[in-house]
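By letter and in written order, the chains are A, B, C, D, E and F; residue numbering begins at 1 in each of them.
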Amino acid sequence: MSNTNKTKIPWEPRPEGSKDIMWRYSKNPIIGRYSIPTSNSIFNSAVVPFKDGFAGVFRCDNKAVQMNIFAGFSKDAINWEINHEPIEMKAGNTEMIESDYKYDPRVTWIEDRYWITWCNGYHGPTIGIAYTFDFKEFFQCENAFLPFNRNGVLFPEKINGKYAMLSRPSDNGHTPFGDIYISYSPDMKYWGEHRCVMKVSPFEDSAWQCTKIGAGSVPIRTKDGWLMFYHGVINTCNGFRYSMGVALLDLEDPSKVLYRSKPYLLAPAETYEMQGDVPNVVFPCAAIKDDEGHIAVYYGAADTSVGVAFCQQDELIEWLKNNSL
Amino acid sequence: MSNTNKTKIPWEPRPEGSKDIMWRYSKNPIIGRYSIPTSNSIFNSAVVPFKDGFAGVFRCDNKAVQMNIFAGFSKDAINWEINHEPIEMKAGNTEMIESDYKYDPRVTWIEDRYWITWCNGYHGPTIGIAYTFDFKEFFQCENAFLPFNRNGVLFPEKINGKYAMLSRPSDNGHTPFGDIYISYSPDMKYWGEHRCVMKVSPFEDSAWQCTKIGAGSVPIRTKDGWLMFYHGVINTCNGFRYSMGVALLDLEDPSKVLYRSKPYLLAPAETYEMQGDVPNVVFPCAAIKDDEGHIAVYYGAADTSVGVAFCQQDELIEWLKNNSL
Amino acid sequence: MSNTNKTKIPWEPRPEGSKDIMWRYSKNPIIGRYSIPTSNSIFNSAVVPFKDGFAGVFRCDNKAVQMNIFAGFSKDAINWEINHEPIEMKAGNTEMIESDYKYDPRVTWIEDRYWITWCNGYHGPTIGIAYTFDFKEFFQCENAFLPFNRNGVLFPEKINGKYAMLSRPSDNGHTPFGDIYISYSPDMKYWGEHRCVMKVSPFEDSAWQCTKIGAGSVPIRTKDGWLMFYHGVINTCNGFRYSMGVALLDLEDPSKVLYRSKPYLLAPAETYEMQGDVPNVVFPCAAIKDDEGHIAVYYGAADTSVGVAFCQQDELIEWLKNNSL
Amino acid sequence: MSNTNKTKIPWEPRPEGSKDIMWRYSKNPIIGRYSIPTSNSIFNSAVVPFKDGFAGVFRCDNKAVQMNIFAGFSKDAINWEINHEPIEMKAGNTEMIESDYKYDPRVTWIEDRYWITWCNGYHGPTIGIAYTFDFKEFFQCENAFLPFNRNGVLFPEKINGKYAMLSRPSDNGHTPFGDIYISYSPDMKYWGEHRCVMKVSPFEDSAWQCTKIGAGSVPIRTKDGWLMFYHGVINTCNGFRYSMGVALLDLEDPSKVLYRSKPYLLAPAETYEMQGDVPNVVFPCAAIKDDEGHIAVYYGAADTSVGVAFCQQDELIEWLKNNSL
Amino acid sequence: MSNTNKTKIPWEPRPEGSKDIMWRYSKNPIIGRYSIPTSNSIFNSAVVPFKDGFAGVFRCDNKAVQMNIFAGFSKDAINWEINHEPIEMKAGNTEMIESDYKYDPRVTWIEDRYWITWCNGYHGPTIGIAYTFDFKEFFQCENAFLPFNRNGVLFPEKINGKYAMLSRPSDNGHTPFGDIYISYSPDMKYWGEHRCVMKVSPFEDSAWQCTKIGAGSVPIRTKDGWLMFYHGVINTCNGFRYSMGVALLDLEDPSKVLYRSKPYLLAPAETYEMQGDVPNVVFPCAAIKDDEGHIAVYYGAADTSVGVAFCQQDELIEWLKNNSL
Amino acid sequence: MSNTNKTKIPWEPRPEGSKDIMWRYSKNPIIGRYSIPTSNSIFNSAVVPFKDGFAGVFRCDNKAVQMNIFAGFSKDAINWEINHEPIEMKAGNTEMIESDYKYDPRVTWIEDRYWITWCNGYHGPTIGIAYTFDFKEFFQCENAFLPFNRNGVLFPEKINGKYAMLSRPSDNGHTPFGDIYISYSPDMKYWGEHRCVMKVSPFEDSAWQCTKIGAGSVPIRTKDGWLMFYHGVINTCNGFRYSMGVALLDLEDPSKVLYRSKPYLLAPAETYEMQGDVPNVVFPCAAIKDDEGHIAVYYGAADTSVGVAFCQQDELIEWLKNNSL
């Protein structure tokens, strides 16, 4: 079981006349801000193949603007039933499962279970970890790191015998900097071997990713490397603008960046991306793929709703090799 | 005469299918940005029952973006005739009626006249006070406080024999903090007995009101307490977002908060609230009520236009008691 | 040859019912963000009469959000063919033609050739200068000034025997201040006689231009003085808002401001101006005029696309004299 | 009883060779940082003639760096016995005598008792008021103003039948701005008639007072006006530098500044003023005077200790008239 | 072998007349800024008993103000021979021993070797770890954490079978916040079980430690708990002021704070602490103890030199219990 | 006539035991803060050989902390007679000699006269230029550049037929950045050919000059290149610290840096450098040299007084070549 699905993932061919490498689903956003009764907004969420359909973990801020994560289910990965109650955690590898808030989840299958990571409030943001077998019971583990951290994303398999996680060390506010690091763990409890993977680009070379970058989707194993969608941020005079790029990391040593997109793949240009609680945000949190190389990327739009975009793996990788920073 | 009107206030029933406690007027915004010839924007304005209809004091920024307040009149409180010239003040209880600018008015009837408060420019923002009997002649009084202050809102009757005013001490810029205080005056000239009423909430508990809060509408006397709509602000990475909440204050000692909404009542979600001179602002300045407990709240939208939203008093209070911070 | 054209410039009469001095082209934006294959956005661009039609220099940020300038051509000044490759510079009066980036071009004819100025990246933003005879070959000259500077705009003829340039000294970020200065040069290589021309206005007098101002279009010679469209900025709690004003400078000594608009001429109010990569921006970079006094102003909208607005010179000047700061 | 003393105030003649209008006591600092067992620092304190000697209220921060005020007594106003326990307040004209901290006291006799003002912590800094008859029992009254305020200084007599207080509206941090205002009260409970008295000077004219200013000593009645020592602040690249100036305010309407020193009177130049918990601070809080026109000014040095400086009233006023801003 | 020495540690009795719990060595600073030829400053350094004397690791910034750590040796722990070349690291439990800079070392003996921690430059500050057997050869291990972190301090023995380290998560500049956390490791390579230990105090309660706090010395095992000296910071209007406090942590679970000093133990008051490259800094990095309970604390003074202060363990603990926050 | 003097410049040999390349004059500071009646501080000043002695231009801030420059004269370049009145400027190559303030002068002889540059207040800081033949009459010329600029330093002869000036583009406050540029002029009126000369160093390589750098003394022609003393700044948590370095620039093209000191030459370490109006400042503004290669450097100390330091040219250049960044 993995991010690649035998079953039918959402798909639309590239719109006529378009030469874009990535294109939006025509019925975006697929999940609106008020899709469950208590929600103020639903965005920055993750989905995985599950049984004969799909499961997901969704960031639903409620109308007190408290941030929490909710399980959801879907047959087609477009139409979702999201639980009305947030995920309740049981003790996993620790009794210390404090959590002031939870947001920006990612999900992946590793070996025998689904692992969820998210931004966990423990005296500030850090990376929370939990596992589930069924998306009903969830078991929270030790936080991976000290505060302050965000955008923790696990690899979907062990690398050299260890769990591997990307993350973006942060500060305790609207962090105006941010690079992507990798860390390893023998046991999902103790983490080390921290390496810098990717840093922001010089303004002159690729300004959309010059302020901060963070891992987005769980990396997809390809013969060319780990394929990962990430977000990049530029600090305009009217605030941060979040766009999406893609990178290929070395299969054996993913701290080595093989290719990294110089142009963005997708940037805020539709009203639902440019208007909302935080305007001008495209924020990928998951990607699923079928056997034909179709990829559907799930992204938060304007911190308000969830959109989907498509690309074709081979095309994407070729483009990436030709457009690398 | 009071905020409660025998005559017909604007009203629309809750839209079908909605479970919201507060809902928008279907023809919002009721006052557009260019509704008088000189205006750049009309917003954050206050209305009261007046004679057989309604009067109001409107913030109309002109095309030099100078801020001033204008009188207006309406039969139905929806369609407004706003004067093309700003209110000209005469001396009230002082000759010192300097005013670099005037904005964000509130209006209420107390005993024998209408009182207007607003943010008055006197070496920075402070609280201006004036009275009128007829919305033609206005008499400006001493500023209530030293700079810097905003969102001064009078109670519609004396409390323990004194005038009472809510306000939000500020700084001289885009204040990134702000709590609600109450002060008392025997004579509308000298103010004291300052007490803290409500502070911003912890981010974890109710983030929409974690950066600053300010009184909105003139409180409405109910058997359960003073019912007051207020604004709360969260500082997102792309700027301030203003939403509306509601509180009940003790009738005898309004520095005691009986209930205060943990979820917001109304947050920016319509294009006219999310797009404009200052995106993502819902800013209540007045509420009128009829004998059936219908309440119409007037709010500024995106610092650009005026909207109306409705709720039913009994429902609201019950909801508030069940959703208190 | 000059900014005044014998041939037909774009024109639409004032919309019925409108009393505005300046009005938008009904089919705005005339150039969309993706009008060339590589572009993320096209905005803040300049046009001039050229041969039997028009030529222009366009700011096209690519999808890596690298900023560069591109030549383009049009018969009607509305429908543009923009080159897919940026302008490649040859050495003009210097071999030192380094340029980390180029943005916000202006263009004017002086004596025997077209001169282009832009914001040139040389250890930070400063004013780049180049000339062309044909919009095919371009010759880059010495930067006019030390960093940090933006919005360099040449007068369309020598003044007292010298080239004259307006500019706005800046810092190396999202400069929160900015006034307009004039400098002179005998030879387009050495610059001096720097004079302050216009400063930001007091907040109380004209808030839309209280944070920073910068020259927009190449000044148009009129019998009343040099007519120049400029931008003004107000710092709202949700970021900078850019509007357009107009000034008349003394013909002999353009450091003397004869009139300067207290109200803005055009401020962000259409969706394409309020929504985009940088919301709430109206940024004029060029103005062309015909023999009947019709003026078409070209402006960047929301750092995303190009719009056109119209006014009538006589009307405008009369209005300006009556609405001067 | 008043700030003018029949008895002997501290005095040293101007040092030989000096032409300074104000000169330091040769044995400064008169009170060291550890003068009571718990103190970390003793500074910014006020003294008055009392019985056959002097009493004072002293800011002693303890070694937890909690700020509080302590009574003290002296025969000669140089050698002080400061109580080891802070002043304990009883209810004066209110039961609400909350105080998170107390600092920077001033003291004056009005009519029948001594009044103390200080910066009182009530949800941020504001002006606390208390009275005493004997410096043993102290009675705390209503805070004069809403937060945020500092440097509240009473006039030593009623003006036009009302109590009058200078203060400096502030923000909730290390306020980078600050002007002096006056407010009036009929009863020491309700305050109004707020007027701006003195603002910071333009940098070019008098830079030592260009960032913020605040009232220092209780004004001394002279035939030429109210004589008041105040502090002015310049923001250097290495922090705030506090110096001392002097002003004469109109006797009838003290919101009118008759003269105000352009040069400072005393600026940090001795090691005990340049080195300490906050380097480069000279902060006057009291001035006493004898019948010969000798004036002794008490000032905090480097937020660490207390110094005294001398001047001769006639000389001072003449100098002030010749050196006014 | 441990921080407790059978041999003679530096010691001076409390000065006559003093009631201080901690007092300075009379010949401070013991190490001046230019004590090795290349140094600009020597401060924030750590010492341990070694063989029949003492060894230390010293922060010596050179005259290019590059930060590095140097070994040194002493017979009496007062007079030091510091190597003229910085420590050269060999690979310990990793080949990745990158280090842009090294500063603020701590040293302790655990089981069979000496462990050094310091602030290590790896894409920003994080915690470096190394071991040595002889202070000649040093073996650098994996960084404990992701950036950004400072003030990593090991416990001198395993706790519940794991290595334990205190640290202070930071940002990438002059961090204006900071609390103390504990983390555990089975192997000095992977770290987890992160717990918050101590946070800054409320300003009203103990202002000297209200901005940030960080572990100082390696904790000393006592029957009452782990005794640890730490630094606390207050942000004055003229910069950070660093003082020293002390805490007792639970022996079994050191994330539990048993006692923590409300007053500081030592704050900048001598010229060598108030004047230097960073004025007003007292920064403890080591403490050694003899069998009589004498404790000598080593601290950096003004980021310029090294001082020593003394206390008596029993007295200290009793005082701490009586003066706990 | 030049910076090299046949007559006796101040000189002291290196103190015994010292290995420093630069050492201080034993009687520093040579000019105290109160050396003229009106002065608050005298610092950042420049001297040149003049007639049979020396002349200088001195920055004397008066007690209103207004900044101005004053002429002075000396036989021995140690004991100075500074005029009590500031320099009064006559019109040089322009009538526009506005000046809100003048500070940080430099002086050099070129061809037939002495040229003075300084930081001139014209709508913010820029570079003022004047000439004198006799230090009695001074003729002010056009400002070299637009605001904002500081530290303009002329070369003592034309280079390739043009005047050459170093400067440091700035912003309008306590600029937190700053690199050294060169510009050329044919006539001291129009300036161009701006080139970047030296940028701040990476923090890891040489932190004392990682925040900003600025030219100090007028460059001295040597066979190895233009020898120039400059200042470098590090931003500590308690403010800026200014130190002195030295560079050699190419004789033909001084935009080429041949050598640049990695360690500083002199950094604040004496009380008069660490304590004063702005602590921790060493700021060179002039250097004079005799035929034996003795060099005396004049520097401002703590923005308060003037110090002198010595070095030997040959030694210095050799050291520089061995210690270059």
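Keep this in mind: contacts are C-beta pairs under 8 Å (C-beta built on N, C-alpha and C of every residue); 3 or more make two chains touch, one makes a residue touch a chain.
Here the structure is a predicted model, which is why all the values come from computation and not from measurement.
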Exercise for review: Provide the labels of all chains in contact with chain A and in contact with chain E.
Suggested key: none
**Study point:** Chain copies touching (chain B, chain C) - same or different residues, decided at half shared
**Key:** different
Point to revise | Angle, in degrees to the nearest 5, of the Cα rotation that carries chain A onto chain D | key: 180
**Study point:** Maximum centroid distance from chain A, chain identifier (CA atoms)
**Key:** D
Exercise for review: Could you work out which chain's C-alpha centre is the most distant one from the centre of chain E?
Suggested key: C
Check your understanding: Cα centroid separation between chain C and chain F, in whole Å?
Key -> 40
**Study point:** Whole-Å gap separating chain A and chain F, where each centre is the average of the chain's CA atoms
**Key:** 55
Review point. Could you say which residues in chain C touch two or more other chains, in rising order?
Key: 238-239, 275, 279-280
Point to revise | Touch-based graph of the chains, sorted into line, ring, star, complete or other | key: other
Point to revise | Touching pairs - complete list by chain label | key: A-B, A-C, A-E, B-C, B-D, C-F, D-E, D-F, E-F
Point to revise | chain F to chain E touching residues, read off their complex | key: 19, 204-208, 234-239, 241, 262-264, 267-269, 271, 274-275, 279-280, 325
Check your understanding: Taking the complex as given, what residues does chain E use to touch chain F?
Key -> 33, 37-38, 40, 61-67, 100-101, 121, 174, 238-240, 275-280, 303
Revision key, fill the gap. Residue set of chain E touching chain A in the complex reads 94, 96, 122-124, 126, 142-149, 167, 169, 171-172, 177, 179, 181, 183-187, 189-196, 199
